[in-house]
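In the two complexes that follow, chain A is the common piece, with chain B as its partner first and chain C second.
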Partner chain A sequence: MEFGWTEQQQAYRQRIRDFLDKTLPDDWDNIALHGPGSPQQTAYSKEFCPKLHAEGLFVPHWPEKFGGRGGDSWDHFILGEELWQVGEPRGAQYMSVNWIGPVLMRYGSPEQQAKFLPEILGGKVTWCQGFSEPSAGSDLAALRTHAEPVEGGYSVTGAKVWTSYAGLGDYCFLLARTSSDRKGGIVILLVDMDSPGIQVKDIPSVIGRGDIHEVFFDEVFVPADRLLGEIGQAWEIINFGLANERIGIPRYAFSEKMLHRAVERLKKDGRYNDPVIQDRLGRVLALCQAARLLVYKVIDERSKAKEPNAYGNLARWSVVRADQAVNDFMTEFMPDGLLGADPLQTAHHQRAIAAGIASGAAEIQLNLAARRHLNLPGDR
Partner chain B sequence: MRMQPSTDQRELIEAVAGPVAEILPLERLHKGADGERARLSSLAELGALAIALGEEHGGAGLTATEEALLFEQLGRQLASPSVLASVLAAHIAASQGNADMAGAIATGAEPAALAVPSPNGILLIDAGEAPAHVVLMGPDGPTLHAGDTLGGRKLLDDKLWNTPLEEAALTGTGARGDDSLAIRARLLCAAQLAGIAGTARDMAVDYAKLREQFGKPIGSFQATKHHCANMAIWAMASADQMSFAGVALADGRDDAAFQALSALSMAIRAARTNAGTNIQVHGGIGFSDEADPHMLLKAAHLWETIAGGEEAVHSALLAEESPLGGAWSAKH
Partner chain C sequence: MDYDLNEQQAEVLNGLEQLIQSITIEPPHEGVFVAWGADLDAKVAEAGYYDIVAAGLDLIDGALVVERLSQLPLSVEAAISVLIAPVTGLELPRPFAIASGSALAPARFLPVAKTLLVDQDNQLFAIEVDQANVETIDTLFAYPYGKLKSLDGVKMTPMNVPVADFHRRWRISMAAEAGGLMKSALDLVIQHVTDRRAFGRPIGSFQAVQHRLVMAAEVTEGVRWLGMRAAWSDDDADAALAATYVQDSIPKFCTDLHQFCGAMGLTLEFPLHYYTYRLRALLGELGGGSGQARATTALNWGAAA
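So, the complex of A and B:
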């Protein structure tokens, strides 16, 4: 891996920053506090993403034939760092470019690609992720939502929970099963969220509104051409998608930005040179740096088109740990930030709380690392 | 510029890992640290003390990257601090233009001992009889002192950290190497500690596959498995950060000091955490004298002390500026 950002990469990063300076509205910080799935941020994302695309910065890492610029994973990640740091103006649409699109490019039928990819590029649709269920969390393959083959497609009945971005979602990347075969019986359906029989309930929580939901499917008809991939292929597709999802959000970028703000505030308050604060701050800074490097290694391999490996699991856990360490530090030493002194700290706090649970409990990463990286025996 | 060592660099060091492990089997430490001086000579014969010394001084002329990777291997085998002392002493002598002395140190003919400042003078570590040189790991970097400026030696302990620790005093100020040597010293400490973290991980994982309870290897239970995976993350994060810092130093990058300190912070915690967890995975046998795990924890503490302590590392880290991503800048 070459290091030291190339001149092109530096120019590219600067171009993103200039674009953000020019484009984000004056009240952006207030919009961003609501979170990526909020109505405010979703509405703004539909203004922002088309502009981003016009600038060639929405899907720079997608192949040219799908509307991208044929850039590499670094283009994708530099973009992610810059956008996540300012509060993710793409709203929930980051998910479309991070992994929904790439999954469709690899596994979608030509017809599906022709329909969904241009829609994603239009910057006005959001997807939600219909994975977890009340009895299928960490054990995703235990999902029970049933897809009954009927004439012309499937009739789906079941319940999903913790579904990100379902409230305002246009489509659902839905996992359901056609048979009891644990992994082989799963199918992936690309579902219109306005299909009759779908009911969405917001789950209010400390991380804010609009991010997580319950979704109920009551004999929802899904046409056969919305089946993604082949029967029996779903688990492979899920793993491919998850590998892209896990190392998708550059959380360390926002974590480091918060540390930066913490240093400014501590200096202003005359507390920066406190030896306890110095020790804790240095510790957290090193954790962020280590997380960044582990992620960079994953991105490096991805840019060389290597298949995802256990390294991603280890990197994911490091990112979560760094993000939480920043949050712990700030909560412990500057709790007033959570009581109105720094709304951005509150926003980071909310995201950091979810970091160890979103896209799979972090402990699952440890299981995967133990099996794939250390070859420890399974527990069954 | 590269982010991580090249395949060639890694293969070179992997090739010497075997001989290093033969010279420094962990079992040797059960008999106490006697005989480390003889092993220093064997390492010198292997060229381990001169890997990054200029060819004009009889060295291999390689970079801080290879040197750091070598120290990771030395750390895996719990090499005596005298090895680091000798390597740093040779660098200082060379940067002072004293080619003869650099050569004599690198061949093991003039052994060096490591010391750290202490309230009563210095704490001298595993010095053996009459070391020719002493390298003092001061807060501003290492200094080189002639062995005959050493006085007032008194044994404090040889059990606590599994190595002889003496109180002593030095007269005179000692010689300094060039500016990058302070960074190099931190980098090599980080490498030694990352090596300890790696050995602890391997030892725990091997044992978790072997030891059975409830009719199954304990590594099949999530409680143990998660310990092992966490150890793998610590070991990997610290080793990666260390080799990244090695490349930064070898390339003369501005962020080398930041990277080395960041590596040291990670490596201190990695070594300590993994050494402790390894004992937990081993159960009672973990802290008995006859088994190996306790030696790793003692070495982790020893090397943390040599590195100046976690708090000092963190203060120094905060004083540096990170270039990555541009998000962090303590100097604003």
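So, the complex of A and C:
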């Protein structure tokens, strides 16, 4: 048991920082404040991601045969920490790197891999996640969007909601059902977002533009070769993807960065010596560091090719708690940051208030950890 | 970064485990607040586990030993001997007691101690304990507590070591000990809510109980990893951070765990208090959560002017 970084890992992290220093524009904070799905950040991501890939830093953890560098889970996570803590210049494309790509590598047909993976590597396509529906959020298996088998493919009719990144999305990782079998009847379709019959409606929200949408499917034709995996395999694929996604965003890194920025401002304003502020700062930093170490345990297991388990749910809860605590501290003691004094504080706030809701509600994480980590009994 | 035990750590823990399994650890007798494991303490001492850090093994090896021993229902004086006393660089007689601020302050383990380590006026002292000068304190805390009756004729030997080093190791020991205590307390309560039924089902099946137990599990893990990292680095800031998290977590952790055991958990026949009342004792050490939190802030961002 040891908690150090290798020289190679330290050099790798420094290389990413140097690249960001060199690449991010002077007005980056003002772009980042709009959020990963915003038109501003999406446009910038299409400029940034090809540069990142040219530097060998877009998908360093992907296998070489798919265009990566064959790096390990730590390469992936160090990259995520460094990018998320500056406000995520990959925009929505972090999702493609984190789990859409790995899912395609594991479950995609050779043709699907040949089409989609190079496009992700090019850094110019955006995927959205067609999971939640008006009556199927946390209870994902209750989804009703219907995929009717027709000649040459499927005809999809239904509605998705809360869909992140749909407004500027090129593809949708869509869950639909072909039968009433709760989990076995679900299929995954890789849908072109410009297909006839798709209508996207932006839902204004407090978490920024481009993050929440309604997506309507009206007899949308999806070719048969866009079915991912086999019939009946969707739930397994979803779980694989979500295992990567639960701790896919190193939120604690951005939160810690906000604390560092907060201290700079507090010192400048002469408020750093306030013992109440000193007390709260120490406590929220401790929460961030605890979350960091729980997440690192998951990454350590992943790097040793251990099977995903419910520790990820526990770690996710820890991350949510830390993110929210930092946000509460900032809002209570530094409200001027939400009034223009620090553009990144608004960006952090908007991500933090969604931390316990996006990518699976925190209560679902607690349910899963109760059953699978603590082995607590069911209700019978 | 590696969360698995290395060969040396596994060897130390395996040896300790064999020793623990070879000893009959009597459950504390009903009606006893303090479960001092005198025989266990002597046997662990005889096997040399209290000396492993002084003998040159890594501090984290010592923290793993402290954590394991803290999981037992009997308290032994492990944390001070293994993790704190070696900063003096001297071979002082154990068991140890510790106090901060005043040599006359209540001190953990004083009624069984041979040496008291105390910081006073920014100087660390070692005091040879004369048990005739010790007043045992009747307390709910599940450690033996006592205080010196008088300093008349007491020799306070200054130690040539910064108080900051003493506090750093104290904080690391706090985290290692709390990690073990929390694990056992949580295991005990999980078993209870699995066996105990109400409204026709195990009480551990209710979501209101499950969620809070997962939260308790999360802080147990946080305490463990922050504590082990601090023991690995032996760094002031890491130690303060770990102790901050420990003391920040203890109140809700203890309250929830007792809550799920109902009135049963308030009785002395149910052993939960042997863990939670050691945790509650740790809660107030070195200035409590606020003291640790402010230290964490100062060590990470600079002291308040």
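Definition applied: the second predicted complex is superposed on the first by the 376 of 380 C-alpha atoms of A that agree within 3 Å, B and C clash if a C-alpha of one lies under 4 Å from a C-alpha of the other, contacts with A are read in each partner's own complex, and residues count from 1 in each chain.
Rule of thumb we're sticking to: a contact is a pair of C-beta atoms (placed from the backbone, for glycine too) under 8 Å apart; a residue touches a chain by one contact, two chains touch by 3 or more.
What you see is a predicted model; the values in this text were computed from it and never measured.
Novice: When the two structures are laid over each other on chain A, do chain B and chain C clash or fit?
Specialist: They clash: once the shared chain is superposed, the two partners overlap in space.
Novice: Counting only touches as set out at the top, which of chain B and chain C does A:N30 meet: first, second, both, neither?
Specialist: neither
Novice: Can A:Q85 be said to touch chain B (first), chain C (second), both, or neither?
Specialist: First partner only, chain B.
Novice: Tell me which partner A:N309 touches in the superposition: chain B (first), chain C (second), both or neither.
Specialist: neither
Novice: Based on the superposed arrangement, let me know which partner A:A253 touches: chain B (first), chain C (second), both, or neither?
Specialist: The answer is first: A:A253 touches chain B but not chain C.
Novice: State whether A:Q199 touches chain B only (first), chain C only (second), both chains, or neither.
Specialist: neither
Novice: For A:Y296, select first, second, both or neither according to whether it touches chain B, chain C, the two together, or no partner.
Specialist: both
Novice: Just chain B (first), just chain C (second), both, or neither: which does A:W74 touch?
Specialist: second
Novice: Examine A:S138 and indicate which partner it touches, taking first as chain B and second as chain C; both and neither are also allowed.
Specialist: Neither: A:S138 stays clear of chain B and chain C.
Novice: Give me the intersection of chain A's contacts with chain B and its contacts with chain C, in residue numbers.
Specialist: In chain A, residues 1-4, 260, 263, 275, 278-283, 285-287, 289-291, 293-294, 296-297, 300, 314, 317-318, 363, 366-367, 369-370, 373-379 are touched by chain B and also by chain C.
Novice: Using the touch definition up top, name the residues of chain B that touch chain A in the complex.
Specialist: These residues of chain B touch chain A: 1-4, 205, 208-209, 216-217, 219-222, 224-226, 228-230, 232-233, 236-238, 240-241, 244, 247, 253, 259, 261-262, 265-266, 269, 310-311, 313-318, 322, 324-330, 332.
Novice: Help me check something: in the complex, which residues belonging to chain A touch chain C?
Specialist: The contact residues of chain A facing chain C are 1-5, 74, 260, 263, 272-273, 275, 278-283, 285-287, 289-291, 293-294, 296-297, 299-301, 304, 314, 317-318, 321, 363, 366-367, 369-371, 373-380.
Novice: Okay, in this complex, where on chain A does chain B touch?
Specialist: Touch list, chain A to chain B: 1-4, 13, 81, 85, 253, 256-257, 259-260, 263-264, 275, 278-283, 285-294, 296-297, 300, 314, 317-318, 363, 365-367, 369-370, 373-379.
Novice: Please name which positions on chain C make contact with chain A in the complex.
Specialist: 1-6, 9, 60, 64, 190, 193-194, 201-202, 204-207, 209-211, 213-215, 217-219, 221-223, 225-226, 228-229, 232-233, 240-242, 244-245, 248, 289-290, 292-298, 300-301, 304-305
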